[in-house]
Structure formats: structure tokens, C-alpha cells
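In this document, chain identifiers A, B, C and D correspond to the written order of the chains, with residue numbering beginning at 1 in each.
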């Protein structure tokens, strides 16, 4: 990479939070059994159960987000069933058909601010239930949401409760993709805690890869029995780590002394400073995101000029030919990085 | 784990070789692009191409062995095709149906010493080709072998050449699972080098997880074009690492200053000492393995007694009711570990 | 069924056109080889090749429409590829996830009058091609259209040519679902002939089940080589008829003395009379369909009242709470049936 | 076909039993609803329930045997489960990987006389249950048998009861493929009746295609609830007939006035006459089949000579280079056909 540049392209540009590496170092030569049966993985599970106030939760450590989504969704659906998601959801667009590879249709709904709404989910269930041809159609049987969403927006506790209510009334599962959950939990605007998520969802994952780990996602089934033989399904999906402890140790570290919270707060504080500066400078933002991702609308010339100084992610073109670029902060974003970015954005 | 015990259950009981962790530490705060496009992954690819004398090789870093097998096999087969493997092969038995999950049948052949033979592979191809009902049958279209095999045995260069010849004459691909390849390459008995494997196979993977890495397998297509759009197939299988560099840095370390060779040799020297002692003490071995896995046949009482002191892996029961236990050495096995093991086996 | 009622619910309420049954009767005791290798199937293929002016066409007789769609699409796509279809297309909605069961995503576009447009297809291809993340996305690699569409509307020759041009420029296949093709071909408004379809598409099927056969769809690949080993893929999909001649004889009959044309014309003449009467009586129609399906918008009371006398199909609710009911004619619809229907609609 | 020849290649060389065609003719112009909801399909279900003494049975009419197997097995298994079958079973060899296409492994056991044995099935279950690595392996969860088997042999009632007992003790389903069930039921040696099969199995199908129908297999779940949403799974597999009555009418005919029994008896009487003559003439048979298939072992010259006069099926080569040819009788085999065959075999 060009070392003159400012790097805000994503939240997974570095290795791991130093505390995580330290823990991997200090345990490195210990001998443990494989496949997540080691004491570190067990300790991590205990810490996550406590953080979620879900003492019965079944917890598995997988490697990445697409893998977690494909494995959980496949495990929770029967062959005739599909998963409901926002048209812009990660599983709808950016997982290369991993859900369909497992044999299941993604039933897409139009989002509002990147989010599903309880009303639209209810209508989707009713439309299937009331259709004379429903036996020729894929049954909606699981709802997929992300917190934060692809656009960086957040479900409020009330919104989550409403969707959960609709799902439970219909006997349908709710699954939350928490690839960037640390950044949701750290937002001042957020009112949905980990125990809320555990209470309202049937499955979710706590993201590690984009929240300071080398890799790893903690799949949580708050109430056991939701996904029988999940270990074997994980193996079948090629998602079982032989050295399971490498994920376990990382999550043990993330959930010790609230490291996961600290990682989120660092990123949110940086993002908030950037947002304030952008607002002051009159930049237009594509989404009202309070999390660690900021989506700036730029005309093409401006985008090109800024891109020479700042590494951002291309997001998409607007209908009027402008371009949306994403800036992301992380646990590794320093005060100096933010100062330099704000300076660069002034030109 | 019980710290009084001797640990020989597997070759993936520790974290990573210290040199690998050192490299992860020293690069940790650098910023790189994701998904294996970083300079470390590129450097690792260059080193592996050189080691394989395959300057055009296409190389992808995946996380685990089952994942590598399922992804490569799925990418190399068309829907009407299956993969030929030994009845005892890892994909036949111990991957929870991952190949079938991708829609493909594993066509099993009876092994000799855990190995396929060129003659049996040829007969398998001919049987399909000559069958009047072949259009109702799964076409054998890829051959899967492991080096070393599940039983620790090795294909000689001549055996590999013979199988490769049969495959090429039939226009059928050859894929080699190298989960423990370091231990094959380090055997004095081995005469099939990495360049040989690259010359004779259409795809193979160089195992990291069981050969000193935290995780990771380097999938090599020695000649490009064998698996189009493989990056997307990897993503679809949930096998794409966001922080691809974490695998790249490990393989860069493994192929610097012949670390991969040194790891293999440490394990083989330990295993050879154990084998010599076992021979002297009159133990019966199940397979004539020259690699880092040793399979001891014990009566049940003896197995139980030894298991109180030595952590071994249960392998299987023999037809006459005895038990086969596996001892594995690794890069982390010390001279003192071996001394203690030999002492314990004397009782 | 209630024998007082008028039956216009679908075009597959009877057995087969009597001429088809006659041919099955007269050949019944002849002995032929199985799986479509018999002389009747060969004769049917020759007649279809002639009707399509596609002398090299590869032709397979399958049993039903969903089966034909799933088998052809699976055979034409590679694992990382998906099929583009209208949001209202049969494969998008009414095939119970059969395409996803085969591992492929249906990429949906918003239709106009039930049809894809060349412009939207071009934008879809360009959006994928220009997306920085396209390797994380399903590649559009086949376009699915129906003639007539689910709404009974028709692609004009110009529209088909435009879509075909877009596909060929992008190197992407075009597949046409002709479940009711007889009714398209028989429309006075239609200007896309069978040779046009064979020239413009890479695969299509000529519908039998809904056009007078007991069952059966003739899958046509106008230019060979598009779907290698298709026979085996058919078998793998459970779509291979042991007594293949039962389909072959039916298509031989359908393409003898233009029976397929006559079947279509009977239905269209009946539908045109009904449309004229509906127009005169001031009924509102949901789609501007010139084919054998007519979609009437009714308020709920009127729909209930008419349904006591006329067996129609429920289609869907309109946004303002009215109901769309479908009337379908077929080869079996008589002049008297139409007279009685028009009378009943007057009340 | 060469009309000088004698045709004994298979039991599906003709159309349908004339009584079936007669019923299709006489009902042809009646209007019925689709997808198997018509009165004829209901009547057929009632007759089959009575014949099976299974008043609660859930019955679906599918088109062919591979389709029935793939759909039922997929519906009865969860993703981590596989189906146990004889190595020579139809699903193991001759269905082009249809079971694996649905994501499931076929776990093969070595047969005796083409049959699974209760002892081997029990050992297979125990091997999985007792394996320390069973969570890395496909769980045996359904047993597939055929009556008669691929080799024409029959399970005795005692053998079926023993296998059923083993399955029930393990909580594992039993599925019977009855592609040629008429020929089993009609054998004097047979002591396993339809009610026995319904009592002992969790699912089975009564073959139509090879027992006198144009096509069609009646899938029977003797006790409901075994395969939830089976209608939708059938649709998803492309196995749902729009004109479901065409199958329903055929099975209604087959189970009226014991036509299914008469069809079987005609074939068995013919086969028994042929067997007696073969025995007298000293021919060697490959299997001790009492059903409508006879497997003659011939040296190659003799096979070639006979094949000029008699259309037989090639089965396989023996280890000593001879050839096994199959002769099959059916409902359509006449006394004269048998006389001529016996004469031809004398030369």
C-alpha cells in the first residue's frame, strides 16, 4: 500500500487488536484438544453467555461472516423453506450465492434505511399464508437482519422487538448478522443490548473479523435445540477449525475486561468526529449511519481527487451519476488518523 | 488437559510455530487490502511457485482441509461428474458429507496400504466408459489422493506418475490432499518432491493447519485455467478470509528459509525414534507408515493402561477385538517428549 | 367437479387432445427401446427441427415445466453463475425454489407488462461487470423469459431480437420458457415464429402439458454443445422417462399436420370472443394479454358471485382490495362453452 | 426395432396395459383440477390404502423411479444425514448421482444376493454410533432397500421384519423401492404382502412404469407426518404433474379388480416357464431370482450368437470374462413369445 495515503477503506485492514495477539502468544505452546473442545473455547463461551445473559446458550466459533450466515441458515431451514432478507442485505447481494448453494432461496423485501420493518415482514408472511398457490412457493421460515445494517444504520430496540413479535406470532425464526456488532453496541444512539438481542433472536453471531480479531465469528443460539447436530453441519460446510482454540482464545480475550466494548467505542468516537467535520464542511451523506461506516456522496471529479489522498471504498453510483464512497473507522483508527483525514477532506 | 500426561494425540495440539507468530506480530499494525490481495499473500505465492517450480501456478489460501477439498472438488467437477477416492479417504469418511453437500458423489475404490493404485483407477475409468448404462451413472472425472494417506503411508514417485499417466490418458484431473504434506516431504523414504507433485497433479493443497500454522491450506493449481472463477467459488463456499493476509503471512513464513522443511523433519525424526523403540519392544503396528503418524495395535486392557499415561487417538477396532491407537508427532515434539513416551511404553 | 359450473380455471383440466390419445392407442403394443431412443421420439425430433428450421437442434422430451426449467438452467450454469428473470417469472415465484435447490440464485428484474426489457437486461449485466465487488456476487450468466409471460403478454419479434442482441454481446445465454407457446404462436398479434425463437435463443422448451398433451415439454437446444451430457443431467434431476416414447409419440402427433398450431388457434379464437364481450360489457382487465389467459379485475362481491357459476383461478389482490381472477381457454374450449361464459358474465 | 427378433430386453418396452389406456380414453374429456387433487387420484389413493391396510396413509403419485427415490430420500433426511443402501442398489449406481445432487451421501454396504441383511445394517448403525469421530461423519438415518432387488431376488417377510426391527430400535427410517413390486407380490415364493410392507416400512413406492403403466410411481407414507410439506418438496424436485389425474387414473385402474396382481402373475408365469427350460438346458444363472428378471451367464460367443435372435440386456462381465445377459418378462409377454424364446435358446 501507498504509505503516503490515509487508510479508511475498511475495518479489517490490520491484523488483530494487540491484546488478542498477546493472548495467542502466551498460550501458544500449550497443548489442547481440537475442534473447539478446549478450555479456552469453553471459557469464551462462558463469558459470552454471561454477556448475553443467556446461560443456556449454545455457542460455536466459525471463521467468517458468509460462512456463518450460510451454515446457520442452512441449519435452521428445511428444504422447502427460504430466508427473508432486505434486498440490500449481505446474503442477498455479496455472498456469491452461498445461501442458494445450500439450496435455499433468499426472499427479498424492500428495505427502509437498510432495514426490514415489522410491517413488511408481517405482510410477507401473510402473503405466503394467504396465497392459494403457497404450496408451489418457497415458505418464508427465517428472517435475516444485520445489526448494524449494510448501510451502517441501526435497528432500535423497539424495531427489533416488533420484528421479533411478528416472527414469534408466525412461528418463524429470527437471525441477526452481527459482523460489526461491536460498532452497534458502542453507539450512544443504540438501545439494543446483547441481552436484548439474545432475548429477541433465535440465532445471531457476534462478529470478530471486523471488530478486532484475526478472524472469527461467535454463533450464538440463545436457547438450545434450534439447530440440531450443528457441529456436523459446521463440518459439512467446511467451517470447522481443527485448532478451534485459535478462535476461542480470541473471543475469550474480546470478552475479558470489556475489550469488545472498548474496540467499538474507539471506532465510534473516531467516526463521530469525522461526521461532525463532514457536517460542518457541508458534505452530503447517503445514509444516516451512526456507526463506524460513513457514506459520502461525491461528484466523480471530487471522488477522484480525494481518492488520491484517501483510501476509501467505492460503494455505488447514485441515479444522478454521482458516487458514494465509504469511510470506515476501527479499533485501530488513531486520533492522528482522524485529524489528517479531516484536513484532507477540507481541500 | 491433564498436565501429567504425555500428549501424542494429534499434530494440531499447539498454536503455531513460534516463527509464524513472530511474523504475525511484527506485521500486525500494517494496513493491507483484504481477501488475499495483499503483498504478503503475493510474496507467499511467489515463494510457493518457486518451491513447486511452477511459475504460472494459481494459488489461493483457504482455512481448513475439508473446506479446501470441498471447494476444489466442486470447482473442478461439472454436475454429472464425481470424484474417485479410496474407501478410506478423508473425503469418503471424515468430512461429514461435504462433497455430497456440493452435489457430487464420491466414487470409492478399495485401497492398498491406504493408497489408490494406477491399475484400480484405470479399471474404474474403463468400467464407466465400457458400461452400456454409463449415461445413467456418475462419470469419474477427478481422482482424489492424499500424501501422506490417512494411514500415514506414502505414494512413491513411480506410483504418482503411474496414476497421473492413467488420469491424463483419460483426460481426467488429479487432485492431491496435502494436509500433512510437510511430513511426507521430510521422510527419507519419500522420493516425490513438490515440483513432482506440481508436475503430476492438476490441483493440490499444501497443508498448514497440521504442519505448524494457526490454520491455512495453500491450494495450488500448477497450470492456470483449471478452475475458472475460483475466487467466487471460494466466496460461495464461505471460505474467503476477509483478512487474507493472516493466511498469506503464515505461508510466507513457512516458505522462507525452508521452515516447512524443518517442521517436517522435526516430526519425522521424533517418529522414527518412536518407531525404532516400538520395534525393539515388539509392538505391532497397523500400517507401515514412515510419516509422523504411528498406528499401534493393542489389546483393550493394554490400551486402557497406556491411555492413562499417554494421550493417543482412538483409530478403530480390529476384527479380532483389539484396538488401534494413533500416536502423532509434530514440529512441537521435543526430544524429552519422545524419551518420556518411550519410557512410558515400556511399562 | 360441480357439473353445473363453467370451467375456465386453467388450460390443463382435460386429458389430451383426442388425436394424441389415438396415436398412443395405435402404437401401444409395439416394442421399443427406452429413454427416448425409440423411433417415435426420433421422428418427433425431426419434425420439431423442421418446424424450427434448426437442423442441428438437440432435443429432449421432459415431463413438466418446472422440471424443464430446473434441468436446463442447472445444465447451462456453472456454480458461480445465476439466472436473470422477471420478478414475476415462474422460476422466481412458483417453482418452490427448484432453481435454488440446484444451487443457483435467480437474479430478479422489475418487469414491464410481465416482460424483461433489453435495456434492463443490459443494465443488469453492466451493473455486475462494473461493480468493484463483482467477484463477491453471483454472475448473471443466463436470461430466462417466458413466451407468453405469466401475465399472458407477448414479446414482439423486435423485443426478442433486442434481448438476444444484448445477451450475445455479453456472451450470456438466452432461455425461453414456452409452457404455453402454442397460444403465443397462434395469436394474430404475434410476429415471433418458432424459427425466430430457435435463431434468437440458446435453449427453449415447447410446452406440451398446457397445450394439449397428457404431459411433456420438448427442450430444444437449437445449436448443439450448449449443455454437454444433458442426458445424464436429466437423469440426475429425476427427469428421464423410462418409456420415453410416451412423450415422443405425443410430440410426433403435435407436430404432424400442424396439430400444435390448430390447438393454439382454437384457444385464441375462444379467448378473443371472450375479450370482445368483456370489453363490450365494461370489464376491467389487469393485463393487456392477447393470449389464452384473461385477467379480470373484480370487486370481491362480484368475484364471489361469479365464482358460484364459473370456475376461475384466483390470481392476486390489487392494492385497492379488489381481486384479479384468471380465465383460461384451451384446445378443449367449445363455442358453446364460450357462449355460456359470456351469458354468465352478463348477470 | 428389428421385427424378426424376440424382445426380452426389459419390462418397459410397450406402452401401457390396455385396461389403463381404456380408462384414460373414457375419462379424457372430463374436466378436473390439477396437481393430484382430482377425484380419480383420490379414488386411487383410497384403493391403495385399502390394499395396504393403511387407512391413514399419505400417498403421492410421481412420474419415475429415480425421481421418487430422490424426492422421498431428500424429504426424509436432514442435511447431516445419509441413506444406507446396498453397493449394488439403484441409488448407489444407476441414478446419475441424483441423491448426491440433493446433498446426501449414499452409505453403501456389501449385499448378499443383492440384499442388505439386518446384521449388516445393525453393524453399520453401531459403527457410526460407537465411532469417536462420528460428529465428523455422515449419520446413517434412512435405509433403502428394493423389492425385488436389482438382481431380481426377494426379501422374505422374516428378512424384512428383521431389518425393520433394527431400524426401529435405532430410530431410523426404512424406505422400500418397489419399481417392480408387482413382480415380487406375484411370486409364489413371496411371503411379504403389501400390508406387511406398509407395516414394516416408513415409506415405499409401488411401481407403475415397469408394471404396466405409461409411467407413474405411487409413493406411500403408511403413517402420516414422516415427510412434512412433501407436496412442496415434490414441486421443488420438478416432480409435480400438472395433470395429476393422468397418474391417478392409471393407479385407480391398477388397483381395480386386482389388475396389479394380474400383471405380476402374467410376467412371473412366463419367467417360471423360461427358468424351467433354462434349467433343463443346463444354462447357468447369475442370481437365484424368482421374479421377472433372469440373468444368464454366457460365454461371449454364445452371447453374441443369441443376441442376433433375442433382444436381451447386457448386465455385466464376470471376473472370468463371461457375460451376464438379462431376460425380462412383463404383463405383455405372451405364451407364444415364451415358446419362441425357449426354441431360440435351444440352438
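A few notes on this one:
In this text, a residue touches a chain if its C-beta (ideal position, glycine included) is under 8 Å from a C-beta of that chain, and two chains touch if they have at least 3 such contacts.
For clarity, every value in this text was computed on a predicted model and none was experimentally measured.
Think of it this way: of B-C, C-D or B-D, only one pair shares over half of the A-C contact pairs by residue number, and it is B-D. Comparing chain pairs A-D and A-B, the larger number of C-beta contacts belongs to A-B. Chain A and chain D have centres, each the mean of its CA atoms, that are 50 Å apart.
The distance from the centre of chain B to the centre of chain D, each centre being the mean of the chain's C-alpha atoms, comes to 42 Å.
Between the CA-based centres of chain A and chain B the separation comes to 33 Å, rounded to the whole angstrom. Listed for chain D are residues 79-80, 95-97, 101, 103, 135-137, 232-233, 235-236, 240, each touching two or more other chains.
Of all residues in chain B, only 79-80, 82, 93-97, 100-101, 103-106, 108, 132-133, 135-138, 313-314 touch chain D in the complex they form. Within the complex, the chain A residues that touch chain B are 1, 7, 9-10, 12-16, 18, 21, 24-25, 27-34, 39, 63-71, 95-98, 101-102, 209-210, 214-215, 232-233, 235-243, 245-246, 332.
Chain contact summary for the complex, chain D toward chain A: residues 74-75, 78-80, 103, 135-137, 139, 228-229, 231-233, 235-236, 240.
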